[in-house]
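In the two complexes that follow, chain A is the common piece, with chain B as its partner first and chain C second.
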Partner chain A sequence: MKLNFVPVLSYFDSLLAGLWWTILLAVSAGIISVFGGILIATIINYTSRIVSAPLRFFVWLFMGTPLLLQLWLFYHGWAQLDILLPAMFIGIFGLGFHYASYNADVYRAALETISHGQYEAARSLGFGHLRTLFLIIIPQAMYRSIPQLGNNLIIMVKDTAILSIIGISEMVLAAQYAISVTYRPFEFYITVALIFYAINLILESLLNHYEKKSLIKL
Partner chain B sequence: MINSKEKAMVEVINVKKSFGDIHVLKDITLSVEKGKIISIIGPSGSGKSTLLRSVNHLETIDAGEIWFDGVQVNQPQLKGRAFEKHINRIRQKMGMVFQQFNLFPHLTAIENVTLAPIKLKKMAKKEARELGRYFLAKVGLTDKEVVYPSKLSGGQKQRVAIARALAMEPKVMLFDEATSALDPELVEEVNQVMKQLAKEHMTMLIVTHEMNFAQEVSDRALFIDEGYVVEEGDPKMLFNSPTQERTQLFLRKMLTE
Partner chain C sequence: MDYQLMYDITPLLLKAAWVTLKISFWSFWLGLIVSSILVATRLSGILILVWLSRVYVSFIRGTPFFVQLLVMYYGTPAFGIELDAYNAGIIAIGFNIGAYMSEAMRGSILAVDHGQNEAARSLGFSGFSTFLYVVLPQAAGLMIRSVGVLTVIMIKSSSLVSIISVVELTYQAQRIIGSTYKPLEVFAVAAVLYLIIIYGVRYIIDRSYDHYTRYLH
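Our next item is the complex of A and B:
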């Protein structure tokens, strides 16, 4: 059987529309995962065990169960309880929280590596506890976390493909529609794979650039 | 509450401090008059750093009183937020320099210097930049404004740290072994900055290992050992003809090293 990429070209518009959704999902969930993660890590590290208990439970839950299952639970499970949320909302927050949990773990480790001298220096200037955390400790922990955050971000971009199962017409689902009409799975899937690869190449070089720039601030 | 000795900038009265079973400060009394420079010397583990940190309330004392510019620093009756507000206000007027510099690595030299004036004094950014330049020039680092600490030598870092403390225009400067972590050839550049401050009559409380420097700059020196002030007096007298046996022993040891 010969490969024929002409159908891919004629459905390229719908693939591009899917790419747009993929990017929207990745950027929104990425922002939630990066800033949600630091929020979770800060609360867990700097409040009492009782206050942080619910958060630690959710982190444990998100990290300990499959993403696929979480998405089905939020999508079909809540629908059964008559809580109807748009798939896009569940996709963004589901993916965002899942990776926020992983990032929280990265940040927690980074927060612990900041020397106590940093805290004391800020306090000795007259900064209060919270301002010291937000101006001095947290920014440093974020810079130190960039390499691992980058890894998680790349894995997350790839996991946007999973959101096709709750009916979000991102790239993979767009390809599946096209395949159901053209019967050309190989051509479409290889095209989508290449697009993902290209996205991550760009992302990786951006992250590398930023990582190098941040080295000086460590 | 008005301090009895109004001229004293810092007063430490019968201060006691323990870490668990270890009594680090057993009964310490000292005062630093306005414009004077007091050096504290003593063997490691004698409690001199703990004493200095207590003045800034980085350590909480167990008993006694610490006064700064007519205000009591340790106020056992103030709790929680009220104490936080109280101590933050005091610390803004008290510059502290650490052995390990503790510059903020994610900020440039000038950002390190201007952060507190901008955030705590609500100074305009432009005005703060001028202030930052002024103090960096003062410590001889005009050309390092936009350099990150990771690109500075130890001596340069400590000078930025001094500029950072000075930018809040403190009434007293506390130096906690400011040159102990430095390579020998870098000590002098930091000492020069401290000598300049001495000339300008900055009130200073200095914990140091450097006898020559202490003798040169200070108005009075204290020898602390095992949680007590063993001997106190004119630095020339204290270093050259100490009356207490323990001081003599310590100085002899330092000289043979």
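Our next item is the complex of A and C:
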């Protein structure tokens, strides 16, 4: 069998439409994971063990089970409770929460590296407890975790491909539609892989750039 | 919560968890072979081999594992290679994790102090036996942790082979959800099995890391 990339060209429009959904998913789930992560990490590190127990349990649970299984739970679970949610919503929040728990781990380590002197200095300058946390401690911790967060973000962008299984028409599902018509699986999947590779290269170079900048600032 | 159902599906899911373990086991060894080849070519100093290994690692790490799996299963027949789902899954995971492992292994090898190398060479070891008897045993201790973390990630991503209909834990869980429509109960049992596997493997890794690095600190 010979490779034939002509069908890929004729369906390239639908792949590009899928690419927009991929980007939309990645951006919204990325925002949830970055800010959800810092929220979880702050609550775990700065409240009593009893208050943070459920959160610690969920981080432990989310990090110990596969994303795919979690997606199936959210996809069918809400319907069991008679709550019907759009797949897009489930996809974004499922992916977002999964990576929020990974990011929370990163943030918790970063929060512990901020010296206690920073806290004391801010308090002695008249900042309240919460204002110290949100204006002094957390921004520094977020800055220090940029390299790790970037890595998690790159992994997350690749995992958006999994969301095709709950029927979100991102790139892989667009490719699958085209394959079901043209029956050219290798050509289409390799094209999707190359597009992801291009996104990945762009993200990596952006990350390197910001890493250098954030190192200068610290 | 339907506890009777949870009790009833446990044997089915246990059997499926065993498949997950088997897939992880074989793809771990395949990954080790692939990564050893990649590290050897990367450190060989032969320009074309170094370049090939870098391109491979960069491409595998830059594309979603899900898409690699689809290429491996649906794409290979275009070249006359017919793989069944189980083997395609193992090969896809092994080739994927091999690329990640090779970076971790290379990092550990480069982390061994260069003075060790020089000391061994000055004592009359050849380049290869320096690597084999001096550098590698020290690097192996360091490798355990980073390769172990990757192994845990690999076990989790092995759930994706359910997409190409390999009957492993996630596939079985999803099928039971489909027939009983009790997602929470099924998830609870499957999650417990995954947690046992994953935190069990992590425990073994931590213990063996402590054991193999006891002379390093």
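Going forward, the second predicted complex is superposed on the first by the 216 of 218 C-alpha atoms of A that agree within 3 Å, B and C clash if a C-alpha of one lies under 4 Å from a C-alpha of the other, contacts with A are read in each partner's own complex, and residues count from 1 in each chain.
Please note the rule applied: a residue touches a chain if its C-beta (ideal position, glycine included) is under 8 Å from a C-beta of that chain, and two chains touch if they have at least 3 such contacts.
Computed from a predicted model, the values in this text were never measured in an experiment.
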{"item": "Fit or clash between chain C and chain B when superposed on chain A", "value": "fit"}
{"item": "Partner chain(s) touched by A:P54 [first = chain B, second = chain C, both, neither]", "value": "neither"}
{"item": "Apex chain A: angle to the C-alpha centres of chain B and chain C, given in degrees as a multiple of 10", "value": "110"}
{"item": "Touching partner for A:N200 - first (chain B), second (chain C), both, neither", "value": "second"}
{"item": "Which of chain B and chain C A:G77 touches, first, second, both or neither", "value": "second"}
{"item": "Chain A: partner with more touched residues, chain B or chain C", "value": "C"}
{"item": "Chain B versus chain C as contact partner of A:G167, first or second or both or neither", "value": "neither"}
{"item": "Which superposed partner A:V192 touches (first chain B, second chain C, both, neither)", "value": "second"}
{"item": "Contacts of A:G117 with chain B and chain C, given as first, second, both or neither", "value": "first"}
{"item": "Partner chain(s) touched by A:D159 [first = chain B, second = chain C, both, neither]", "value": "second"}
{"item": "Overlay on shared chain A, then closest C-alpha pair between chain B and chain C (Å)", "value": "27"}
{"item": "Residues of chain A at both interfaces, chain B in one complex, chain C in the other", "value": "none"}
{"item": "Chain B to chain A touching residues, read off their complex", "value": "56, 58, 84, 88-89, 91-92, 94, 96, 98, 100, 102-107, 115-116, 119-120, 148, 150-151, 161, 164-165, 168"}
{"item": "Interface residues, chain C side, partner chain A - complex", "value": "59, 61-68, 70-71, 74-80, 156-160, 162-163, 169-170, 173-174, 177, 181-184, 187, 190-191, 194-195, 198-199"}
{"item": "Chain C-touching residues of chain A, taken from the complex the two chains share", "value": "1, 3, 61, 64-69, 72-73, 75-77, 79-80, 158-162, 164-165, 172, 179, 185-187, 189-190, 192-194, 196-197, 200-201, 204"}
{"item": "In the complex, chain A residues that touch chain B", "value": "115, 117-118, 120-129, 131, 135-136, 139-140, 143, 215-218"}
